[in-house]
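Read through the structure below, which is laid out as structure tokens, and then see the notes.
In order of appearance the chains are A, B, C and D, and numbering begins at 1 in each one.
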């Protein structure tokens, strides 16, 4: 899709390069750094900047043909990574120029699947997260107000105003506990104990909300993954969308311990399998057995011809499978006559090609 | 429902106003504040108080016609927000008058769905939360007693009594760690290590209980949401309550990746769809396609007339749907003869109105 | 079951009494306490001890008739609460006598359902909890060893031996951070950062394991609760155990929003309901409607006679119900002929008694 | 499988031995240790080393016959535990020789089921865990950069470079809070508050991801456990793999409260039971009742002969069961004619042997 594939670097490498740049930025701020070291570090930053210019050019080159909605965030990140350091070089105080390369922090967000997942979890849980944050704010202000009332006459330099007391409150509510401001009265210490416990509770709420959000999102991704597994089977390509959804819904997950036999040669076969995770071994007549991994499927002949299994399949590792049963599939093909034709042709092709489980 | 809709402010605005007031309260407690700044801040408080008087009047005006059980908490919050600062202005020490505006902390609780949810989670998990809190108390007291025994002779000023040792224990058990009281003996340090680990464990218990509570509550809300989705379909308005529940129970969730075709024009349709989340595009004969969002439904003609889909519907974003199958619906209508009549009439009206998926 | 019901105090009161005793123990250790106050506190302890003697006597009185396996832990707690302070009074150093009342910490464990639940969760998750604790130990020792190597020459007074470094490690790994021992070298600080992150990770593991354990246990308790709800229905008392399990398995949970109609007078009824949580209102012919709460059931006439509902039932609050469908029940009664007889008799009795939903 | 069974020590003992060795290593680093104590500790290390040599020999002896893939990690751990201290003894600085016994930290990893489980959870959640760790890194660097900008002129000795500011940031983001570096400006304190809240949030993400991972893994292990329970039933040994999977899928879990009757003598039996957890009592004609525990099964005669239950079975504790229904089993045996033969023979054997529930 692009003429400069060398710039399509992998996500980990992308992260490492950004980390290198940021390390150079950090090193440049240390005082007793020699002139040579300074120069080398600045060369690293310059080199990275040039690389990011090329990366930006590459993204721009992909622009006319790509899905713009998906590419836009990348483009923004790539432009910021080039423009901000350049502007800093031209206009900023020389002492601080290198600091502006700190925007390279954003680089790891490109192509990251985790940040997309996180974005979705946070978006779904947003009302609750906002709610917990307000609760945090309410407890914070309330604790500051009460601590100010209790301690203002005993420690006027530390609890002499609500903003000062608020510093104590945030340090305590987050259970950080720097120890620079500590209530001295009994009432203040009881309050501190309650604030610490509230902090733990709010923390637990946050964890509970995010755990629920992650669990829901992972289940949702499972459905999408099943969809994609099914979509990869040539046999199902021609199916109408309703029949397609039916098949996805009909899939039944199961896990098989390593070493178990999944289907045995000569047995009647009533289901086909999609591998979600792990590997299976197919004992073919040839001396080297065939191994299949995630995304593969086997046993589809059973759905087409109703013939016995043509090979024994064993779980090489613990395997997560999705089963599609013959009944479910037949029900669909009887109501969609065009499937019957697809099936018949596919069955003929495959049988001519290779022994299949 | 009210003659002063301008006072029906949104939840975020409500929170911001309260935050403004509380910021003014906090600022007024700082020492080196000029007379002008003080006056402006007091004017802010006065203005907010007047606004809260109006809000209270508005709530009172809604009282005769509203659901009193639901309105009561609002009324209490609104009254406290007006009466407490007024009483403080009349009777309290001038230095502290503005502090009483701290009751405005309660304002964000009005209309908040999160605090209702939280209340329900906490109410259901109450026995367990009380249990963990007692466990916290038991470990706290036990640790204080043992720390007192171990350290009282080495650091009599810090561990000279159980209440003093308890301050150390709460700071340690919550992993806050101010560092003002630290055990010096080996036994004391081993105890401290155990207390820290217990603290982490208790914390984890809290998180586990709240995570479970949130998960259960979210599932429960899902049922209520499905109920409301179904209740919004005109076709189902006339259904008896038992049939209605059956329909809700028959809904099957599924997620569709962005860009997938949900149903295709001319295909036989056997289900209708409710959109829980995301958006779909309906390709109508007119040039601009129709988009539907959360809470909408489509494909209900299939349940009524059994005709093929009249339009292709595509997932504009990843979409969460609930499907209601023809069989489930027919089963109900065959046993409830009045539904058949409703269906016949609805089908006639709709067919005359617009092409529908 | 006992002749002294006054001693069967409720769980909260039990906890409060123990808290009172422990507060007195704590107060007695403070230094500047007057002779009168000391005497009053000692009287409180003495009074509580007498109460605990009576409670022990009460438990002993219940011994011959009670389920000994369930009563044993109570008896042990009651005996310890009496014997330990007595022994301390007779043999211990007078200064420390009152401290032995600290064993009253155990009193809140009597009758606590939470500690039973916690015990079960911990027992099931024990291998994993032991595993995380060993992981904690391994990281702790490893961090101490490395910190000792890094810092022993720079801060020999703080990191001069592994046990000393271990104190730093446990304070850091639990993210308590007293701040009394802080690595000074760059390597030491990098190590500290890694230790803090490991601490957070181990903490999260603990939370994850306990959250899973609680979730599983809550689901399990739901089944047991359903069992008890069904067991409370007179109609089902005579059922054989297999039929009984079938009924429990056949229950289907659902939540109904407040104000919804659950069943309507005159509608055909095909299910009966058990209330798990919340309240329903039954509109009876008499002016005051009947309210039912958790543990109640209604609509059972539908299972017996197949007659239409005799009253409209509305959800007064959001209600959690379990439905038992007519089919499921009929299936059972057709195979268990003795049920038919029970049903016929019960139907007759109830119909003569009151209008029922 | 081995000629030296004395060396096959249990996992807890293995852990204790390693802990003993590590305690000796730690003790040897303390300064004021007498010559005698030093000698004893060195003897402990020497003794343990000899034991580990024998353990290594034992593992090597098992090598020719064992599953090498499973044994390899044990072998590596055993070799490292012997070779590293030996090399240290020969070549290292005498002061540090004993420290090298720190590799015995690895010993508890042998045979640990928890570390295998943890490895699987971490492997599945790896992309998300890496993502949260990068988020941690991004927030850490961003906070350091901003803190450096804010505080560098006020506290040049503590925030004078980004690496210095990063020490503050990691101590704050992990909510450890040593208190050695504290921002003094208002902006710095607001930043600190935000960093603490981010720290809590990232922590919660970690907990949420691991909780989800554990939950999924536990469900997965449940399937594998069910598989093994079924595989232990002699009756099912001859089943083909497809039929076998069907049986596993047909199992229905249920929990029975302690004291409940699971099946009653003379009742028609339509299911057999596998005990997952807890114990049941079978009332046999002989005076001492038989108790069964986890992994046992009973009531299988019902599946074979359809005869009434031959004994009453009661739950001695709360019991988790898996039920296999007669229908499910018959359906399978009707389509697999060889099962019918197995059944007939097994029924005859068992009936001749013992009364069975």
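Everything that follows uses one rule, which is that contacts are C-beta pairs under 8 Å (C-beta built on N, C-alpha and C of every residue); 3 or more make two chains touch, one makes a residue touch a chain.
Everything numeric here is computed off the predicted structure, so don't read it as measured data.
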item	value
Farthest chain relative to chain C (centres taken as mean CA coordinates)	A
When chain B is superposed on chain C by its C-alpha atoms, the rotation angle in degrees, nearest 5	90
Chain pair among B-D, A-C or B-C whose interface repeats that of C-D, sharing over half of the contact pairs by residue number	B-C
Averaged-CA centre spacing for the pair chain B and chain A, given as whole angstrom	26
Geometric centre distance via CA averages, chain D-chain B, whole Å	36
Where chain A touches two or more other chains, by residue	163, 175-179, 203, 207-209, 211-212, 215
Arrangement of touching chains [line / ring / star / complete / other]	complete
Residues on chain B engaged by chain C in the complex (per definition of touch)	124, 127-128, 130-132, 134-135, 137-138, 141-142, 144-145, 148-149, 160-163, 166, 172, 175-179, 182, 186, 189, 192-193, 196-197, 199-201, 203-205, 207-209, 211-212, 215-216, 220, 223-224, 227-228, 240-242, 245, 248-249
For the chain D and chain B complex, residues of the former touching the latter	175-179, 207-208, 211
Residues on chain B engaged by chain A in the complex (per definition of touch)	15, 19, 22, 25-27, 29-31, 96, 99, 102, 105, 108, 112-115, 117-118, 133, 136, 163, 167, 170-171, 174-180, 202-203, 206-207, 209-215, 218, 252, 254-257, 260-264, 267-271, 318, 320
